[in-house]
């Protein structure tokens, strides 16, 4: 048949829940085969089965016409399968080189053969134009380079079939182009790639064929040439999908927060701020565009009170300078925060959904007697039920842990909590990273609704499309500096792109 | 007191005191590098001390005693491994349970072994081995070059362990498992096997540290003979920043201040000596304050690992 | 609607397991103990009978058992509170001892008597325990030092400090024990035990309320589970962590003062508080960090101690047997509770449920 | 540990119909500690051998402070006639048990060793069912002192005790005073805080004294810590460094440094006699001394020449008659001990 891989009737349950049910997919040499599906559709699960991390509860895997049992990632490597995981699988404290050669078994010697390995890695780097600083600690690398390390790990082990699980979720457009170049070079050599992404633009651009998964089942496999973006989107969510277009508003002059010549560790290129002046107005969305690692994190931390500027002033809505930089002070002044890392910063994963929804309000009279002296558990639960329905949080009960939710639903919990407090300033950092089109749409709608209600929104995103789509004004951040501020209505895309590259 | 007159004895006490801690700490380095914090060192040292004592006495062969002790340590730590690695139980509590259970087993064994026959209560001692020439050096000669073979072995272990983590494929795998087991697994490293291996090595080394107490220090076993050395070993691993050389430095430091404590006790006899006894512990804390960086060690240290869980 | 019921059934099952596992582990440990006893040629049934008889057979025995459990309740509550906030306080013993020392120092040092002295002694214990908890807390917050190590080191320092108290500072005629607390400053007796036991139980109930029913406890738990998210969401994490250190120290310190003021011989001497800290940690974890369950488990440990002593003397087995049983209980409980949380076992147990249901229905 | 004569409990319960007596011993350490508790245990065994009709229960070893009262209570419940506590630490822990037993179990008696009821049992309301044993520590110390004085070449002798008890202070003072009767230039090193479990501390302390103070004879009063001291002596040379053991006779080929032992018998036989006769109690103090065989020197190793042995015998007679040491000799030294 010429197929490199066939997965037939694969099923995988977690407890009594089927993450995959009778999934079928076949992959040919020299193609990019895209898996498309909503959050929780079972894409990663299927791939984890293929790579030997999970053991399937049913079905079979055929490689090159022969049935194989992939009982561990090691076996997968032997069959020439390699995977770049959705969440990076890197040892942050080790160098790029160490990460790449880790666990590799090509030498019989128990000793490390760094020089040999370095040479073969260099060769691969040259062949595909992968640029990696091998002696840098992964923790000190940019996200893009980390991803290249991930790809190198797979190539170094001689994979014929590469699985890329949402590789672009964290990349800038420029880096995505670089990745696509590498992918093209790989398939030109006859290797096969399974690609997962929620960004339809990318899917349309790079795929040869697309398999759509829905609720753990494979729906259809289509040649890209025979389909359209709309058809794929409809198949994926199981109903007609319409993407909203938001009206841009012109800026009011009521300032919610203003940074005046603010600096924070200006000597650091990636992770500092240099002489930043920026005003966020009520009733507008100010989008911050820029390549990840150019000061987004300190900017977000600064406007949420997590860090204190080293020089410069921060002025509140009434024109008074803010002196106390603590999250609670900012929250008290009306801050809503959708933080960068929902698991680490947004939610207490081991607490229930209900508890996460009232996280900041346990002392309020609504949820406790005597200013926090006795929690009203039933009020909390009722409130959670209401928010759950309003925000379409999909869960079996508000008493299940937040950790057990999918990313999209976790994000909805955070959004519900933050918006229920009617913030005056909403800071949203990468709010839709990794979310499917449906969830993304929902989050976007909510953010725009807040703006329309008069809230000032600071949107920080590495997704340029998202910034363009939502922002009323666009500021560009490069190496900790604001390169310029641009209008959101018919934005000068070319100029902005250049500014993002520091030109 | 004349510090320089007592120095050779303090130094001798330093090395004698450092060796058992060092051995246990080296074991703990393996364990923590693979992501397992083992508070049960104390108990493992205890069983090592007893079994080495009993088998050494029974067979008259101290090396056999040492091996038996190490074997016992491995077995005990396999129990720890089963609970923490296979069952994903809490590491601190499991270690704590080891510390309650294992010394009790050792004491029980001792009761059976010695019975009321006090002739069984005193065992054999390893003879020390002077290195000709070096042993007669002033100050350090007696302390460093007139040791028991087991002590030399302990010191030789330090560069070997260092080398293992720096230059060996398996050493790199150990480290990766402690940093990010999920990533290690995706690279074909068998995380569970590495963790078990770490536990076996840790059990053997910690038990050897215990065996040193009965084979090289004093020829008797008593309940509580480990006297908190297992906990000190834990501290030296942190203080030594999870490296073998660091652990050596930290255990020598502790040994030195423990030696100083005894020297002070010996010379200032009428003073409230309990304040001298605090010295090694105070120094450990102070040393940690000044040199124990915020570096928290292997990232996944102390966390359970299940393959099919994120 | 049916979904909700299914979940609550699952929740109920989980809760049932959480209670059942420790109970089963206790029985397993006793079973292994029985086998060892039988191997020694003694009758385990007689032994266990003696254990019950020696610990629970009459009011005064129950009183003694409660008194034995009392310090363990305090140290386990100390561990519960710290762990709930993500603080691995292994220094319960040191804090307990310092509580006893401070209590002794103020009462014997000032030579006071009467209920005033009693309250002073308790307060001193609270303060000293709090300080002994504060020290590792400050070291953790400012220098990032691992509290497991610092608290263990502080245990030793406390131990030697106590030696100074009972051998030098307040020694009874040069003997290695302090002068006894004056009769009038001792904790009053109730029903064959001292009132400290009541205090311990009330404290347990109070802590349950604080941890699970107040906003403060909510924050403590949140910090314990995810300090970063807690900070982002406006909790003063460092302050809460420090408070957890202090309060857990306070609990243990109060325990030390109660032990000193309530239990014969009303003195500090060698062995005061010995092993209570680690036992407390084990109890807390068997109780799954629930203050109320901690009280129950501590009582079990009390029964084991008093009854175990009786068992040894009646059937003549080595002391180590009781320690072995205790160790087995801890390890079985820990392993058992981990085991039922494993996905495979969980799935198996979840499948058991419906099967039982079906069997019941068809029967 | 060792098998008791009584077998299991069923027989011991039925044993109450015979007129036999039961005795139990409670200790902090173990019967094989090579020191304190072993000495007590051997005294008890000797007493049992010479008293038919007495049955010994399994000794209660490793008794934690917190369990000391419960342990005693468990024997009270079994109507054990004589409950022995090895050391004064039991005096304060047993206060309540003893008082309760007086009413509920009048046939139960308590013997606490190394305890002076006048100073250490002031808490007790009644001493009707209690006696103590108090060895003459001046005699023990003096015996060890003359041996040390005769054996030392360097004129430096050492002493390690587990705990700073009045008895330890008295022992050391008599030890040094007696040694100085032989050579007034003799210096004594001491440590009263070594505990009873850390053998390595004994080694380290002794090594210190050997190297900086030239100590060549040690006398130990700290159970296994003494073993540690012997270790250091052996390391320094077993032909020139000597140890005096106590409280049991352990001279033998596996203890090359031990030249003799100061042996204490805890007079348990006398207590048993009193129990049988019904005269036990009232806080009497049973004294153990050289006259009644409670205190003696054990056998000598071949390192003690016949000549020295003869001198020791001479001095022993003086000690026995009280003529060797004057009270001031002892109190002078005791005053320097801090």
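Some observations on this one:
Which chain is which? They are A, B, C and D, in the order written, and residues in each are numbered from 1.
Operating definition for what follows: a residue touches a chain if its C-beta (ideal position, glycine included) is under 8 Å from a C-beta of that chain, and two chains touch if they have at least 3 such contacts.
The shown structure was predicted, so the numbers you read here are calculated from the model rather than taken from an experiment.
By C-beta pair count, the most extensively touching chains are B-C.
Greatest Cα centroid separation from chain C: this falls to A. A straight line joining the Cα centres of chain A and chain D is 75 Å long.
Chain centres here are Cα averages; for chain A and chain B they lie 45 Å apart. Computed centre separation for the pair chain B/chain C is 28 angstrom, with centres defined by C-alpha atoms.
Across the assembly, chain C contributes residues 163, 167, 318-320, 343 that each touch 2 or more other chains. Shown for chain B are the residues that touch two or more other chains, namely 107, 111, 274, 277, 308. Counting partners per residue, chain A has 14 as the residues that reach two or more other chains. Contact between chains, as defined at the top, is found for A-B, A-C, B-C, B-D, C-D. On the chain A side of its complex with chain C, the touching residues are 13-16, 304, 306, 326-328, 330-332, 337, 339, 344-351, 355, 359-360, 362-363, 368, 371-375, 396-397, 399-400. By the touch criterion given at the top, residues 36, 88, 90, 139, 143-146, 148-150, 152-154, 156-157, 160-161, 163-164, 167-168, 278-279, 281-282, 285, 318-321, 323-324, 326-328, 330-331, 334-335, 337-339, 341-343 of chain C touch chain B in their complex. Across the complex, chain A meets chain B through its residues 14, 51, 53-54, 72-74, 76-77, 83, 85, 87-94, 98, 101-105, 107, 109-112, 153. Partner chain D is touched in their complex by these residues of chain B: 1-2, 5-6, 8-9, 12-13, 16-17, 107, 111-112, 114-122, 125, 128, 213, 217-220, 222-225, 227, 259, 262-263, 265-267, 269-271, 273-274, 277. Across the complex, chain B is touched by residues 1-2, 30-34, 38, 41, 61-62, 189-191, 193, 197-205, 207-209, 211-213, 224, 227-228, 231, 235, 254-255, 336-338 of chain D.
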